[in-house]
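Heads up, there are several structures right after this.
You will see two complexes here that share subunit A, one where it goes with subunit B and one where it goes with subunit C.
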Partner chain A sequence: MGREVSESCVEGLMMEVVSAYSSRLYPAKPDLAARRIEAIGFQVGHQLSERYTMERPRFSDHLEAIKFICKDFWSELFKKQIDNLKTNHRGTFVLQDNRFRWLTRISIDPSTESTDESTPDNNAAQATNMHLYFPCGIIRGALTNLGIPCAVSPDISNLPACSFVVRIKA
Partner chain B sequence: MAPLAPRSGDAVFASVERVNAELFTLTYGAIVRQLITDLEEVEEVNKQLDQMGYNIGVRLIDEFLAKSNVSRCVDFKETAEVIAKVGFKMFLGVTATVINWDAEGTSCSLVLEDNPLVDFVELPDTCQGLSYCNILSGVIRGALEMVSMKTEITWVRDMLQGDDAYELRVKLLKQVPEEYPYKDDD
Partner chain C sequence: MIVCVAVVGNQNNPVYLQSFTEADDALKLHHIVHCSLDVIDERVNNPKRSGPTLNETFLGLLYPTENYKVYGYLTNTKVKFIMVTTDLDVKDADVRNFFRRFHAAYVDAVSNPFHVPGKKITSKSFAERVSVIVKSFGSTAA
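== the complex of A and B ==
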């Protein structure tokens, strides 16, 4: 095992980058804030996957690469694997983590994230989504580095389970 | 119940949840890079990093106090030692050295020779004036403010700018008397 830091350091950074972009830098442009946060994740995923695959042979197909993300890559980041992997065999994969670590410890105050006329539930969902652009970016960056361009979106309909939907670009 | 004995930095670090430092270092690097792209001005990036650090420090102090069992420090000298030996260790896994006290005992330097924030980092020439580790000074300032100490923290040495270590100058501006947060009748 290499060097370690406290998990609070990583969580602190993630919460702050979300609040910096969505509250201070682009308060009126949530889409832009989201893109920036995703871009940061992308860069991290790209670099991590480069490091973690240095000593292994190329993946023979998309499924092999996705399995690598679910097992080795996820374990490096979260000390557990993805719990469930589904695919429609036409380029869409759903990676489900039953207890996604980065969501179990954040608490969101809907009142501070309010936008006009939306319900508190909506606001909470929106704020939760803001915290998921970073891990979505990580997955997209990692897969892109493995030669698989894709789009990644979150699905939080079963909290604290969280799914990442990967759509591979043809 | 007798108060719990303060724990050593090593003991606290061993007891907290830890993650591989690569994730932390690369995430921080990616944040700095994105901020440079979006804000363009290096000074603005420094400011934003300091603000992020401050907000993190305001939250981390609770975890620090809860897990370290550190009791009230008798003076600022003890505070600085606790930050260097327990605070840095608990969160970053490294310790700092406290040197260069002034005569009044209100300002000193924290020196870091090993700094996980900068593993794999090299600054291009276009980043002149960037205080890459500015988040650290923000964290300390924010955390100390939560325990009633107003401080001013400046970088004196920075290995990314060619110095031989990282040196933070910490100056105690004033100790604010603690205010009881609620009125009696609330």
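== the complex of A and C ==
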């Protein structure tokens, strides 16, 4: 039943979704655009988690579910696993991907990072963050479907590695 | 012969309910499905009895009533599949096979972007696939 598309189609679609929501649909409201993109990701993650947990036995606790996200789920989506998983054992997990597939086309301009610390850096950071809201939504949708309500936020302190901070709502 | 299949969501909300009998006891079958939800909850929350099968998806025979046998299956996302059959000797492997194909059809139906999670499944192709799987259940048992 599976039809395949090439990966460049998916990347092109992602770029166009971010660009459409940021500049055409909600031009002056980046927060609203981010929330809409994250909501699309939420539904996609919800449905994908249904599909990728089909053959597996049930998870016994939160850590098992997070490990599933890091290994099987991530390799189905991005053909690689999460490189680093950290936890504070109190409901916060940091999933670090050293070379996130959908960010490989975004340039990192070292000159703006070193000179100014206010606006140009913020613009570049905000633009990059926009591209990460969709994967955050995917993770949140998958975890919610597995019974773990959480909040996921992106973290781009050192590109090209990006982290997703998952906070489980107790 | 399978008389009824049901899909119940994680909030115990009905997602799909279909009976395959011409007789008029559809309500009785719905009642049986509703009661079996309690049995599933009890099985899942009491792990002391089911040691090695704690995390399996297939829950097996839930409870036998006077004419029917009720089988249950719980997915990772807490969605429950319930199957009511009138067969007296049903092989375990057949029921597992049935649930596997049913799960595949369910995943395809839920992946529909127009489907709202939690609402009932209204897709005709899902209903057709389910009736094909139900019809072929009897033949593989023979």
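Just so we're on the same page, the second predicted complex is superposed on the first by the 154 of 170 C-alpha atoms of A that agree within 3 Å, B and C clash if a C-alpha of one lies under 4 Å from a C-alpha of the other, contacts with A are read in each partner's own complex, and residues count from 1 in each chain.
The definition used in the following text is that contacts are C-beta pairs under 8 Å (C-beta built on N, C-alpha and C of every residue); 3 or more make two chains touch, one makes a residue touch a chain.
Computed from a predicted structure; not experimentally measured.
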Inset, instruction - With everything superposed onto subunit A, say whether subunit B and subunit C fit together or clash. - result: fit
Inset, instruction - Considering only the touch criterion stated at the top, classify A:T92 as touching first (subunit B), second (subunit C), both, or neither. - result: neither
Inset, instruction - Report the partner of subunit A that touches more of its residues: subunit B or subunit C. - result: B
Inset, instruction - Check whether A:A20 is in contact with subunit B, with subunit C, with both or with neither, and answer first, second, both or neither. - result: first
Inset, instruction - Name the contact category of A:Q81: first (subunit B only), second (subunit C only), both, or neither. - result: neither
Inset, instruction - Would you sort A:P57 into first (subunit B), second (subunit C), both or neither based on which partner it touches? - result: second
Inset, instruction - Quick one: classify A:N129 as touching subunit B (first), subunit C (second), both or neither. - result: neither
Inset, instruction - Applying the touch criterion given at the start, work out whether A:S153 contacts subunit B, subunit C, both or neither, answering first, second, both or neither. - result: neither
Legend entry - Touching partner for A:N145 - first (subunit B), second (subunit C), both, neither: second
Legend entry - Overlay on chain A, subunit C to subunit B nearest C-alpha distance, Å: 5
Legend entry - Those residues of subunit A which subunit B touches in one complex and subunit C touches in the other: 1, 43, 47, 51
Legend entry - Complex contact set, residues of subunit A against subunit B: 1-10, 12-17, 19-20, 24-25, 36, 39-41, 43-44, 47-48, 51, 76-77
Inset, instruction - Flag every residue of subunit A that touches subunit C in the complex, lowest number first. - result: 1, 43, 46-47, 49-51, 53-54, 56-60, 145-147
Legend entry - Residue ranges of subunit C in contact with subunit A within the complex: 10, 54-57, 74-79, 103-104, 106-108, 110-111, 113, 117
Legend entry - Residues of subunit B touching subunit A in the complex: 13, 16-24, 26-28, 30-31, 33-35, 38-39, 48, 51-52, 55-56, 59-60, 63, 90-93, 116, 119
